[in-house]
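You will see two complexes here that share chain A, one where it goes with chain B and one where it goes with chain C.
Our next item is the complex of A and B:
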């Protein structure tokens, strides 16, 4: 393995999060406060908030769910700070995009130490959330009666038609992704669902948008996550075990599914992953764990192909075989010849939860604890050096990819 | 305060300007095509991604084109706006040039576990339907990004324009289009006075969508450039809005009149006179196309209704749904309008007050002093004026509130079964209110020979009757291959029968 060939962009010296789930009694500001406090307290050698030079926050629905604008002002009030605060809205990739912006700021030399936060309060919106989530789709897709599960179901249906060879195993593989992610979350104390689901149970769950069933979908969640990023040079001021961000990439594409060349792959995943590999001079073979945006199971399937891990149209076979071979293990790796890749060791969006704006930041939190060996019950036991975090917005209109290393 | 409450609690979700802008792209699926590389963009873009500033973008509509199912999903847990449809099929449609748009498959109730691969590649045709309504008091949104399977109830028809002939004739009908929905309900027992089954709208249909569909078919049948039509009247008693004309939506969707900026040089109104709201305008249309100052040669008259009846009322067993559109002009006429009489009196047999959902009627008072008096008087006067006798007429049509009244009225004036029965489509489709006589006339024109004379008498409560005598010309047969006939629609093997609960739900949605 040849990591760290290029200079790291930034170092993560602190990370914190809240539990994800239906947190009825917490305001969004409170969630961000809790995640931020946990994050500050995780800094081994201590940090004071006055050392934060800027903040980057990601949230998708704050304005519509909580009817609040000028988020920097609300957050300045919560934090008691007067530093520059930048809000990023990129649907489910709001968190990843906030990290991308923070990395840009550190790369540019503008700031040394910044706070990154992602948060979402979805349950406040009650039964309007399905409509609100469609803000991240093309208005004509909303007009066609689509929901987000429906859009992903359209991708899944075409994927199975084009590549499934008419086999049951392809549909089974879609359920195995969810089953594996639930299995990974069993010991994750923050996870929304800590329950096993067999592929059979997933295939029998209620229909949401055929062929997508309830248990193919990530849930509606509340939660927040936060990180403290600093320059690689200053990292050791805060901790002896910083985790470095080696690549930070973002790509965008049409918000509309119908205008894309292909609906069975995500162009932004391809672009951002390739750029991240190029930035680090790594390949997929060098990645040991990946935090993948499994908002719907087919998205994880497409990631495995778009990142180059499996050939186009074959991921379902790899998933099927890997699941059958490794379902009894603590973590079920995806096997590809000599390579083993553990995807979503904490349960991913499916089981850990998906408070939209928090997810991208939560992914780096998970990678941070895993790489530092502090993931508790869900710790991947083989010595870890590298992790990749993949955060998608909408049906793939935006993707951020971060590669982390020790 | 009342205004504020209706604004915030009434559920106005989209702004009127957004609705206007969407109508410009969604009514006809208007895209822009790059003249250099052929890439298509929807909604239209001012430049092509490949050609940049060198691109030459050309507007292109897909309203009259055919696409196919690319992929989709059965939506079982819809957004709040679409809950009125329960579960349905949303999909991506691919047109022949590879251009894709999203859409919803309408007139189709998929099984929750339908195998999506079985839908892939099936042909689809755009349909003008409702998306949703902003509550009871907000806007109703329409789009043609709704589709039905072309190998099913609603066939694909090409729209080819033919230059009108140079010869000017007596004014009359130059094209027509009837549209009746796919769904039917059967009447059990004998409460329906001979109406055996009736049409009903799908939940996303209403008088506006019927009007557009019928108008579209009339244009296809006439093979006429839509810009030639300078006037459109929509006669209905179930208007979508209390104030806002259906004819404007029809004009925008079918591009009637010469286009100028984003509007059209044409006019028209929605007319109201119970069931004769449309037929009353036929003479006006013929007069207009004869009037030099009109500045045009064609007028379209649509009779359209989602006929309303209170649940359980006698009318609840006879009401149907649908529309028929006629284009009147003086070139390539298929049936000349030869004689006309109208008879009116203030007879309160059937009425609906503003804000009331269902009409009320005078029971047996609707018969002798109302329907029969007006229909028979008008019919007799028209025969007398024309110098014709029932023997000179091949087909007779009377407004069909049920299947017994028209038979009795026509018989009492001297017509026999063979003249009456071909026009009795009401017994299979119900009472289409303003669409009743126009649809019966369509059924006759579908089968009539050159030289045949048709006597049509409408009836509108309130009350009045219009009688017309048309003579069929040889052009009728020339244009017949561009029709979807009433027989094809009435007997369509894909028509779907529903129960009373489904019927009531559909009636209330539309």
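Our next item is the complex of A and C:
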């Protein structure tokens, strides 16, 4: 383990969240407030809101879906804060982008202790949300009739055509990703879905856009999550067990799918993951758990290749073999030649839920509780030292990667 | 002058913008692209896009008005960039918030050279824009029938009641602010309105919300502006005459008007201005030009008090006397006991235009050309060393202040 070779960027000294799901009675401000309060209450040695020097919040559809703008002002009111508040929008990576900019604020030395939040209230718009979500795609793709399941179906079909070798096992692997993530969420009290699905059940679920079926898709959700970051030097003011952010990287690429060199790989995942590994002197072999952006199961498959964990075109084989070998375990790890990697120990976007602006922050919450050994029923049993969180927006136009360590 | 006591945060080595106005044939991406290109072409020693390491963009209504989200991805496509792009939203201070976060990125040491842009395309929605803009207000205020002219009318009426002493000169002063700013824009080739208005004409314009008349209001506009920031150390790679950012501050407050202690003063202006002066060891006496957020003329009046330039309740007198003394000059300065201050030498939001997300960036563009002596027909004639830029969102729920020096 080479963690200590790199100076941490920041320490996470608190993390909180709401339940994810169809939260009909809560407005977006209340969700963020609840997550913020839960986060402040999680600080071992206590914190007063006057100790928060700045805030970074991420959300995507608050404006079109919730008819709300100037989020800093709304949040200043809800939270009773007069500190600088910045609002970031990066579609489903809005939360990751807020964390990335909060890390920048701490790196800059301008602020020591910062509140980060992500939130989304999606269920208010019913099925109109599919149109709103397409703001994160190329208008030509929307005009041609695509919604996100269709875009990811295009990627999944191409992946299976190029690398699946016509085998049933490749289709099975796409279902196993979802089955595994649902299995991981069973003990997660915050998760939207706590129900087992076999790969067979997933393969029989309604066809949405061939080959994407309903149970390959993450749900439409409401929810919020929050973190408190501080400098490594100040961490012990707040807790004896801080979790450190060792890398914070973001990459951006063309929003369109049709202009890309490859649609079976996400360039921003490659760029941000490589930059994060470079920043920490770690490799994928050092990572024990990963929070991966499994908005559709093919995205988790591509991550395993884009991060270097499996070679290009082979992740589906790795998934298939790992699933068969580990399906009776509490967590089913992905096994490669060198090590084991547990992906989405709390259920990921698939089962925990995907309130888009909250997801990037929820990922670090999950990593935080796991690394501290406080994940309750869903705690990974082996001692953990490292976690990677991967949050993307659109079809991968933006990606943030954070590496955490104890 | 005590500028050199404080280490600059960043250097501005390029600045560009589009014309502001009703730009029916340009979409928002093109506006930002044009401003970015104009900005890159302004770099004295040249710059290649590969030298840009990150981008920060600000816009408010792109999502509701332009049906566009994931702006980082759209911009990556337009600009052909794979660098980290962050999108900030802070209503009319979205541009200022982008600059503030870009300064943070440079302070952090993570990036040396950063592109900042602000843009807005507002005319597409015709008068529906008044509703969209209310996303930046308290929903209770919107529900009660308020739009922004009404909110600022409430502030203006209260100001005139509390401090106007029932005098005609106070009402005149509110008109003189607009008359002066229109006068300043006459030679500004980018400005939306290049036409003189006497205070009498302004006082006779249509009543919008008593006492706010049409010519007290900034217009609905399309446009974009961009800056290139780099570290002070690298500035001379790009130009022999960089302009330095000496302070970059942001403050946030409750979005609602009805909950505030005072509605004749903007708390965030006070907080951000005081923090910026503290950061530079300068006072308002050292500032030679100010780009002030004159969305409605009463806002410029309040700024003159909130920044300390005039004492509380006396700015209208200072404005009245200054206007009478200076109305034949190219620029009409505000005179107080210690010095003279030229506010909005290019016409401000009132005459130059107010594409909301672009405004904060446009202000630094104006300050940049003025400090470099390149403002053409609208160049302030005395040698300039310092400028302050003041950008607010909503009714002052957020404020960014930047102080620039040579």
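Keep this in mind: the second predicted complex is superposed on the first by the 405 of 406 C-alpha atoms of A that agree within 3 Å, B and C clash if a C-alpha of one lies under 4 Å from a C-alpha of the other, contacts with A are read in each partner's own complex, and residues count from 1 in each chain.
Basically, a contact is a pair of C-beta atoms (placed from the backbone, for glycine too) under 8 Å apart; a residue touches a chain by one contact, two chains touch by 3 or more.
Fair warning: this is a prediction, and the values are worked out from it, not measured in the lab.
Once the two complexes are overlaid on the shared chain, A:207 sits against chain B while remaining clear of chain C. By the touch criterion defined above, A:153 reaches chain B but does not reach chain C.
Of the two partner chains, neither chain B nor chain C is touched by A:389. Once the two complexes are overlaid on the shared chain, A:259 sits against chain B and chain C alike.
When chain B and chain C are set side by side, the one touching more residues of chain A is C.
Once the two complexes are overlaid on the shared chain, A:141 sits against chain B while remaining clear of chain C.
By the document's definition of touching, of the two partners only chain C reaches A:85; chain B does not.
Comparing the two complexes, residues 138-139, 256, 259 of chain A contact chain B in one case and chain C in the other. Listing the residues of chain A that touch chain B in their complex gives 127-128, 130-131, 134, 138-147, 149-151, 153-155, 157-158, 160-161, 206-212, 256-259, 263.
Contacts from chain B toward chain A in the complex involve residues 22, 26, 41-43, 70-82, 85, 88, 90-92, 100-104, 110, 112-114, 116-117, 120, 131, 141, 143, 145.
On chain C, the positions that touch chain A within their shared complex are 55, 60-61, 63-64, 67-77, 81-91, 97, 100-101, 104-105, 107-110, 132, 135-139, 249-256, 259, 267-268, 271, 393-394, 397-398.
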